[in-house]
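What follows is a pair of complexes built around chain A, which joins chain B in one and chain C in the other.
Moving on to the complex of A and B:
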């Protein structure tokens, strides 16, 4: 078990991508989340998964309990705006009757899940039913209206024509169905970030069973951290079933060094923000949620 | 077993839902009673008329300050217990009893109810309407380890219970408004959805990715605020979630 101040605890870290072409066709990077949930569904490890499904407006996600592979496919890809997935965590065990729940979420959502398991104030009978929590790397998130602002105003593109959004290589990318590609420098996107993200002290979802993201690996691949006992067990079963093609993280560029660098930058910057909040006013500070 | 702790359930003005939540640990409750706890007082389950000395008192319900017996019993509970736990949201925050206006047969003049923290000092809050059986189990095991465990176990139990002890010092008021005041207005909300999941009356939806409460529906239970990862969050505890849950599971093995 590796214990890292910024990357958390993990039993292994690899570069990986799904071996299923259908998954890769609509996935953000290596199709890790969709492939893991599809495998877990088919093996009966989970009865369903809370994912960011399609909402009422283009690129506006809505939490959805996927109980079939087809529903998982509908939720592929990163939306870059808020999907309150944790809001379904009790509902999944009630209305949907799931005994083994999968959930994907950002690092803060993994924090909510683990706090909820240890301190289930309003989560009766939920703690023992979290069967697979997959975390995604997250530098920051955006409200939906910020995505509208960035895509329709700055990038001058109608959201309904967008086929993919991506953040990588220092830019915010907008791909359209006609093949046009618009890129915005991240210095434009920063001011539209969700403010609550600026006190977040987790980049790679340290509390997930398995966490994944694009940073560290070449296009079409994902970096995967396998963390908990549950995560290790499920990952090894998925590997044995041939779900993933992997490479040692040491053999890919830019590799884990970039993940460490970005994690360190995010957490250092946000620690400073928390510190600055303590003297925000004149002799008065803003709240620090961490005790 | 001589090293058991003693505990009891004190019934103030509550609906017995909290006690049912204790029982909803099913076989786990039997394990608790077998290994860790002598259940010395409980109006519903034990034939004991007066509040005895005990290590841990789990108090359900708010205090009707118009009822002399209730006031006397909550005072005695404080005097005779090492640790007083406010079990459930009525004891912690008043919850639904905040809305009582009296008029109920056969004591219509019983109209004023206060959370127990307005009458006595409380050591630990265990909020929820009803509190989840799993949180009750976790707190019971932690309380046992704190009183009877090894040094390591004591440290772990203390770290686990610390946020719930801090809650008991924070105050006796709770509402969806806490999320507004302490999380959203403070620029801390990340729209994760934990509050909406926790709300027992489904009063919380999301607007612009942020929770919006129908305040007419809010029963002032404090579940949303306390479930939020940005109201209070201890990395010391939550980073160890796996080992803590294993410790509790091991303790609860029959």
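Moving on to the complex of A and C:
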């Protein structure tokens, strides 16, 4: 077990991608989340998974309980705005009748899930039903309005025409149906971020069973941290079933150093924000959400 | 000369109550008063001015054992006042919820009443917590039945305690087919357990009925044949679910209901003249203390046709199914007989439920201030909520909960029994005292009258 101040505790870290072409066709990077949930569903490790499914408006995710692989496919790809997945966690065990729930979410959502398991206020009989929690790397998130603004005003593209959104190599990328690609420097996107994200001290979902994200690996691959006992168990089963193609993280560029660098940057920057907030205003500061 | 004995607090039931008993030289009760000493909740006052959506949720908070009954009765009283008709599938979900609540509550009550009983054929009292057989497997069965019922409640109602899914106009959500299948499986499993459990419980109660004596606090007490008999009437609105003023043939009539003050009903001030320190759980109240039931009772005394009536499982069976046995054991047996019925109903509702149908009424009028009532057959009996809603706000709200009806009736049933068995009689009613505590009293002209206690 590796213990790292910024990357959390993990038992192994690899570069991986799904071996399933259908999953890769619509996935953000290596199709890790979709493949893991699909495997867990088929193996009966989970009865269903809470994922960010398609919403009423283009690129606006809505939490969805996926109980089939087809439903999982509908939720592939990153939407870069908020999908309140944790809000479905109780409903999944109620009117959906699930006994083993999978959930995917950002680091803050993983914190919420774990907190809910520890103090199940309003989550009666939910804690023991969370079978697999997958975290995704997150620098910050955007409200839906921000995405509309960025894509429609800054990138001059109708949201309906967008096929993929991505953040990488210091830019915000908008891919459209007709092949045009717009890149926006992240300097522009900063002011559209959720202010609440600026106090977050977690980059790689330290509390998830398995966390994954694109940073640290080449295009089409994902970095995977296997953290908990449950995560290790499911990951090794998935590996044995041939779900993933992997490479040691040391052999890929840019490698774990970039993940550490970005995590350090995020956390250091946000610690500063927390400090600033503590003396914000007159007489009393804003609360540190971590204490 | 008669003696006065007080058992305070009474144990092994929900809430806080006491028994004040006038007994003769042989220890036979001449007159008994069973009264609630749980402080008044004031839900009725709290409700005034709130939105109709809020009130049933507040009302369900009076108790954690049958919040489902209060929630459903509250919601249906609001719907009755506003004139909302709910879709069929929402009704089915509510019935499932109702059955789940009844099963879990009855099973819980078994744990409370079993310690009074004997293992059939022996003089050994049942301790539900002993690791020894045959009691161990019974306790486990009770746990499993409760677990099943609570899970069913959780799925259909969102929560098994204080359900979140029922709402005015129907339910928030219909079930997914998978959840329906889960309920169905659970009910099938529960049905088998419930039938075994019913047979066991009936055997235990019949055995108690046949016994000549029972042991209470080291005293050997004769068990009379007419333990818990009374000549009051019975009241029930439905064999299983309930009735409301929206029904074509409402089965409860507010015109027949009246309420009187404890001042007019219970005994006056008196001194405790006898005590028994060896009575279980700390003995009876010491000699010389004062009891004043008139002033201490925290409930109104509701009357139906001018008399206190019994509500509960036996009342349901008596009114709708021709069950005519009297007494405490008959009451317990009636309760046990409701287990399989409730499971059958859940299965029936699952069969009928359409998972893709809407469960919320298309139109929800906001109310014109007319009186609506709903009588829900809670585990302990008929739970009537009355309300007036105007423009979405509650103007008036009242709860007539089962144990409130049972307080004066049970007080009558105490007469003629040895005082040591008073608690056994009381437990036959499965009292749930905290929700019974209300002080809304109206006089013959249906005006709210000033209460002696609140002066």
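Methods note: the second predicted complex is superposed on the first by the 291 of 291 C-alpha atoms of A that agree within 3 Å, B and C clash if a C-alpha of one lies under 4 Å from a C-alpha of the other, contacts with A are read in each partner's own complex, and residues count from 1 in each chain.
Everything below uses one rule, namely that a residue touches a chain if its C-beta (ideal position, glycine included) is under 8 Å from a C-beta of that chain, and two chains touch if they have at least 3 such contacts.
Source: prediction; values computed, not measured.
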(request) Evaluate whether chain B and chain C can sit on chain A together after superposition, giving fit or clash. (result) clash
(request) Name the contact category of A:96: first (chain B only), second (chain C only), both, or neither. (result) second
(message) In the overlaid three-chain picture, which partner chain does A:67 touch, first (chain B) or second (chain C), both, or neither?
(response) second
(message) Let me test your reading of the model: by the given contact rule, A:112 touches which partner, first (chain B), second (chain C), both or neither?
(response) first
(request) Look at the residues of chain A and decide whether chain B or chain C touches more of them. (result) B
(message) Looking at A:125 after the superposition, I want to know if it touches chain B, chain C, both of them or none. Which is it: first, second, both, neither?
(response) both
(message) On the A-aligned overlay, A:289 touches which partner chain: chain B = first, chain C = second, or both, or neither?
(response) first
(request) Could you look at A:196 and tell me whether it touches chain B, chain C, both or neither (first, second, both, neither)? (result) first
(request) Report for A:228: first if it touches chain B alone, second if chain C alone, otherwise both or neither. (result) first
(request) Name the contact category of A:276: first (chain B only), second (chain C only), both, or neither. (result) neither
(message) With both complexes superposed on chain A, which partner does A:88 reach: first (chain B), second (chain C), both or neither?
(response) first
(request) Determine, for the stretches 97-105, 133-141, 187-195 or 241-249 of chain B, which one clashes with chain C when the structures are superposed. (result) 97-105
(request) Take the contacts of chain A with chain B and those with chain C, and give the residues found in both. (result) 90-91, 124-125
(request) Sort out for me which residues of chain C touch chain A in the complex. (result) 151, 154-155, 158-161, 165, 173-176, 178-183
(message) Quick check: in the complex, which residue numbers of chain B touch chain A?
(response) 21, 127-135, 138, 160, 162-164, 166, 182-183, 186-200, 204, 206, 208-210, 221-224, 226-235, 237-239, 241-242, 244-245
(message) Help me check something: in the complex, which residues belonging to chain A touch chain B?
(response) 8-9, 63, 81-82, 84-91, 105-106, 108-109, 111-112, 114-128, 141, 143-145, 194-201, 206-207, 228-229, 286-287, 289-291
(request) Using the touch rule from the top, collect the residues of chain A that touch chain C in their complex. (result) 47, 67, 90-91, 93-98, 124-125
